[in-house]
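Note sheet for the following structure.
The chains carry the letters A, B, C and D, assigned in the order they are written, with residues numbered from 1 in each.
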Amino acid sequence: MADAPRYLLRPAALADLTGLERLAGASAIGISSLPADREALRERIIRSQHSFADGDEPDAHYLFVLEDRQQAGALVGTAGIAARAGAGDRFYSYRNEFTVHASPALGARNRIHTLHLCHDLTGATVLTGFHIDPAHEAGPGAQLLSRGRLLFIASFPERFTDRIVSEHPGLADESGACPFWDAVGRRFFHLDYPAAERLASGQGRAFLAELLPQSPIYVPLLDEATQWALGQLHPVAERPFSILLDEGFDADTWLNVFDGGPTMEARLPMLKTARRLRSVGVLPPAPRATRGGHATHLAAGRRLQHWRATLLELDATAPAVALRDDEAALLGLSVGDSLCVAALDGPDGV
Amino acid sequence: MADAPRYLLRPAALADLTGLERLAGASAIGISSLPADREALRERIIRSQHSFADGDEPDAHYLFVLEDRQQAGALVGTAGIAARAGAGDRFYSYRNEFTVHASPALGARNRIHTLHLCHDLTGATVLTGFHIDPAHEAGPGAQLLSRGRLLFIASFPERFTDRIVSEHPGLADESGACPFWDAVGRRFFHLDYPAAERLASGQGRAFLAELLPQSPIYVPLLDEATQWALGQLHPVAERPFSILLDEGFDADTWLNVFDGGPTMEARLPMLKTARRLRSVGVLPPAPRATRGGHATHLAAGRRLQHWRATLLELDATAPAVALRDDEAALLGLSVGDSLCVAALDGPDGV
Amino acid sequence: MRWTVRPVQAADVPVLSAWLPASADTTLPEPGTAAAWLLAEGADGACGPSACLRVRGPIGLRRPRHWYHVGCVVHAAPELQLFHRQHTLLLGNDHTGASELAAGAHHPALDAAAQALAWRALLMAAREHLQATRALQGGMVIAELPGLRDDQGRSPFWQGLGRHFHAGDPDAVLQRLGGDGRAQLAALMPRQVVYASFLSPAAQAAMAQAAPSARLWMDTLADAGFRYSHHIDIVDGGPVFETHLDSWCARR
Amino acid sequence: MRWTVRPVQAADVPVLSAWLPASADTTLPEPGTAAAWLLAEGADGACGPSACLRVRGPIGLRRPRHWYHVGCVVHAAPELQLFHRQHTLLLGNDHTGASELAAGAHHPALDAAAQALAWRALLMAAREHLQATRALQGGMVIAELPGLRDDQGRSPFWQGLGRHFHAGDPDAVLQRLGGDGRAQLAALMPRQVVYASFLSPAAQAAMAQAAPSARLWMDTLADAGFRYSHHIDIVDGGPVFETHLDSWCARR
C-alpha cells in the first residue's frame, strides 16, 4: 500500500497567519513578493476568503497554502491567483519589439530592439507570489503548489480568463539594487528600487507606471549590463519559472516594467495541466496496484467549497479511482463524487 | 471498393502555365493575387521549381496546383508557400493595439485602439495565393489545397519556420476601391488601390510600406466605415479563411498594411493538421473496409522529389495502410515506403 | 486716446469679471512675485478700466502645461515622384518654464482703435514688469491666442481631434477645473505623434488659427516681435506666440 | 578693415576649396535662382578672398532634410513631490521649405576681428539676395551651426546617440554621399521620441552646443535676430538657428 499523501494545497485561512509571516520574511525581494507585515498579510487572507466566496470582484485574489502532512501540516509554501491583471485598472508591461532600420546606400540593416510600454496583459489572470520553503523546492510539493493553481483555474473557468500570465523577479543584488530599474525607472523617479517597490505596493503599480515614458525605450542606448539583464530571471525564481516553462508558458515577449524580469504568458487550453485534465469518479477503497500505467497526478475535488488538492498515484486512463479513506478525507470527498486529475510527468513530476 | 482519389495536389510545372493563367484571370483582386500576365506566371513557376530543388534561398516560394482527376487532371486550384515573409527584407503589418487613457478627475477611462506599424511577422512562413475554381470551393478539393500546404511544411520543417502566417484580402468593391486604403495609404501616396497594388508587385511591398507613417494610427480618427472595415475579410476569401480558422489560426492581431484585411498567424505545432500528422507504412494492395474507424485523411509521400498529396479514406489509428495500385502510382509510392497522413474532420472534411 | 496702466486692485475685480470668461482666474497676484495683473484705463480719468492682461512667471512648474508641437514630416520616394509634406502633432510640455502673457480681456464697448492702443500700453507695461523681475522670469515669453470657433461656439479643431478622445464638453471641464482641467484633458489625448491629415479638413484648417476677436492682440504681439512658436492649444488649436525675453527687452 | 561681397566665380573655387571641408558642395549656383554663393574680400584689393557663405533657397523639397526637434516632457506626481523635466528628441523634417545660410568658411589666417566683420558683411549681402529673390524663398531662414567635437574630432553627441544605430563613421558617409548621406543616416536613427536622459552625459551636454570655431558666426547671427529653433543636427547635435525672413528684412 502506498504512503499517505504528503502535500496538501488549500485556500489560506486566518490560522495560517503565523506560517505565512514566516514564509514572507524568508522570501526574496521582488515586485510580487508577499508583504512581510502581519496586518497586510491578514488583509490578504481576508481578501482571499472573500474571493473564494464571491469571485465577481475585479480585484479577486486567491491565496493558497501548501501543507506538509509529514510535518503535522506545517506551512511550507504559498502562491496566489489574481483573477484580473490590473484589478480593474491598467496593467503595464514592456513588450519586446524588433524593427529593422535599413539604408541600402550604406549597406546597413540593423534590427533595433525597443521596449514598448503596453497594456496588452490587462485583465488576464495572473499567477502571483510563489514562495516555498527551500527544503521543499526541488520536490513534488513545488509542482503541486504551482500547477495546482492551473488545476483550480481550469476547474472554475468562469472566474478567470483564458489568458494566464505570471511575473517573475528580475535581476537584483542583495541590497535590492536592480540594474534595469537603475537604467530605466530611476531616470524618471529618482528613487531606488526598494523605495519604488514600497510605493508600488502603496499607491498602486498603475499609478507609478503612468509616469514612465510613453515612447519606446531604445535598447541600444542602455548600457551593456542592462541590455544583458533584460528579461533575465532572478536566480531564486528558477524553480517556479521552469515549472511554468514546462507547462508551455512563453517567456520571450513581455517584461516587468519595474525590474525587467520576464512576464510569462499562455493560453490556458494550451497548458499541460489543462490539456491533461480529466474528471474521474471516486470509488470505494480498494487496492491500487502501482504498475506501469500509473503516474503521479494532481488531484482535487470539483467543489469550490473546501477545495483541496494533493498528489496521488493513479492509473493514467481509468474513468474512476478507488480512494483510500485517508485520501478521501484529505480531499473532502465521498464515494460517487468526482475528482479532477491531471498527470504530472514521470521523473520531473515526482 | 472505394473510388479512385479525385484530387491531386502537386508542385506547379511549366505545362501548367495555361491552366494557371485561366485561374489568375478569374481570381479576385487582392494583394496576394496571382499575376495575370503569362510571363510573370512563368517566372513564378520557374522560381518555384528552384525552390523545390534548393530551399535555402531567402525568397524561396513554392507553388502548388490542384488537379481534378475526374476531369482528366484539369487544373482547378493553386496555392503557394513563401518560406520567409519579406523574403530577406522587412515584412510590414499593422498590429492592433489597445491602450487605456484615463483621467480620474473626469471619470474617464477610454480604451484607445491604435494600429502599430510593425515587423513582427518578418521571416515567418507565409501561405500565399489561394485560388480555386468556384465549382470546387465548397468540397474536399479546397481542404486538400489549403491544408496540403501545412502537411508539406510539417513534412519538411527545415525549409520553413515554426510560425505560419496567411494574408487574406480586405474589403474592396468591384472597381478595386478599398476603404482602408482610401483612409490610410492614400493619404501618403495619392494613388488609388489598384495602382498601389501594381506598384507593390513591381517595387516590392517593403519599399511602399516604408513610406507609411511610423507613428501609430489612432483608429478613433478614422471615419466609421473604415473603422468597421478594419480586419474585415473580402467575401471571396471566406472559404480559405474559414479552413485556416478551423486549423487554429488566430486572426485578431495583425492587419494587412495596404487593404486592412486580416493576417492570420499560428505556431505550426498547434495546428490541427500538424497535431494529427503521423507516419504510416505502405502495404501491398488489400481490401480496406470503410467502417466506423475510417476517416478522410490528407496523405502524401515523404520524399521532396515528386511530392504528391491526395485524400484517402484510412483507418484512423493503423500503423500501416494498404494502398491500391492506382493510389500508390498517384503518390509515386511503393510497398515499404512511408506516408504522411493527417485526418480531416468528418462532415466538414469530406 | 492715451492709456495709463496700473496693477489690478481688489476693487477692480467685479468690473473685470464681467468681461472675462467664466473660467478665468480672478485672484490678485501677490506683490513682489513674478506674476502681475495689469489694467489699462484712460489717462486723466478719461474713461474707467478698459482692458487687462495677466503676466505669469515660469509656467508649468507645479502643474504641467501641455501643448501640441506642430512638426513636419516628409515622405519622399524619388522613384515614384512622390514628395509629400505632412503636419504632425505631438503632445508635450515644450514651453515649461517660459513666462506667459495670459487672459487679455477688454471692455466690450472698446472700439478697435482704442483696443489696439490699450494692448500696446499693456504689453509695454508687461515688458517693464518682466524686466523689473527678470531674475524670476523664464528665458522665453509666450502668449496663447484663442482658437477659431464656429457660430455655436464649438471649436472645429476639438471636433476633429479632441472629441474622438473625450466625448464631454471641454469648455465645461475648463470652467469646472480651471488649469487642471487642461491637464486632465491632456491625459486623454493621443500620446504619440498624430498625422494632421487624419483630422477633418476643418480641424486642419483651424490649426494655429487665432479667433478673429484676438486679431488686434495678435497684431500687437507680432509688432513687438512675438512669433508663432509651432505650438498650439490642445483644446481649440489656437497658436502660441513666443519671443525671447531679452531680445524683446532690447528692442526699442 | 572694410569688406566687399560678390558672388563666387569659377576662378575662386580652388582657393575656397582649401578652406572648406572635403564634403562641402563647391558647385556654382545658377544665376537668377534662389541660391547664391557669396564671397567677402577686402575692399580696394586690401586682401583677397577671405570668407564665403552659401544661400540656399527652400530646402528639403527634393531630398528630405532631417533634424531632431528638442522638446520637453514633464513627469509630475504631486503626491510624490515628483516633478521631472526631460528633454526629448524627435526626428523630423520641420524646417522643410526654409531658406538656408550654409557652409560658411574663412581663410585660416583671418583674425577674429576681421572675421566678425566679414560675417557681418556676408550676412547683410545674404539678406539682400534673399530680399531680391523674396518670391523664390521660404518664410523662414535657418543656419545650422557645427556641433561640438573632442580632440580627436569625434562628436560626443554622435558617440552618445547615432553610434548605437550606425557603427560606421558618419563623417566618412557625409564625405562620400554629401547631403544624401545625412538622409541615409537619418534612415537608421530612432523614429520615435527619444528621451535625452538615455544619452550619455557628454552627449546630453553637447546637444545644441556650437563648436567654439563657430562662435563668431553664431554671435553674428544672434545680433541679426537669429535664435535657436529647438532643432539640432542629427550627426553632431549642432544647433539650428532661425529667423523669419520678413522680420529680418524689416530690421534696421
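Definition applied: a contact is a pair of C-beta atoms (placed from the backbone, for glycine too) under 8 Å apart; a residue touches a chain by one contact, two chains touch by 3 or more.
Just so it is clear, the model here is predicted, and its values are computed rather than measured.
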Legend entry - Contact-graph distance - origin chain B, target chain C: 1
Legend entry - Which of A-D and B-D has more C-beta pairs touching across its chains: A-D
Legend entry - Rounded Å distance, chain C centre to chain D centre (Cα mean): 31
Legend entry - chain A-chain D separation of Cα centroids, rounded to whole Å: 57
Inset, instruction - Let me have the rounded angstrom distance from the C-alpha centre of chain B over to the C-alpha centre of chain D, please. - result: 53
Legend entry - Approximate Å spacing (C-alpha centroids) for the pair chain A, chain B: 37
Inset, instruction - Going through chain D residue by residue, note those that touch at least 2 other chains and give them in order. - result: 73, 88, 191-193
Legend entry - For chain B, residues contacting two or more additional chains: 99, 102, 214-215
Inset, instruction - Have a look at which chains touch which and call the overall pattern line, ring, star, complete or other. - result: complete
Legend entry - Residue ranges of chain A in contact with chain C within the complex: 214-215
Inset, instruction - Using the touch rule from the top, collect the residues of chain C that touch chain D in their complex. - result: 60-64, 69, 71-74, 76, 78, 83, 85, 88, 90, 92-97, 192-193, 225, 227, 230, 244, 247
Legend entry - Of all residues in chain B, those that touch chain A in their complex: 90, 97-100, 102, 118-120, 122, 270
Inset, instruction - Could you please specify the touching residues of chain A with respect to chain D in the complex? - result: 99, 101-103, 105-106, 108, 110, 112, 114, 187-190, 199, 203, 207, 211, 213-218, 220-222
Inset, instruction - Please give the residue numbers of chain D that touch chain B in the complex, ascending. - result: 191-192
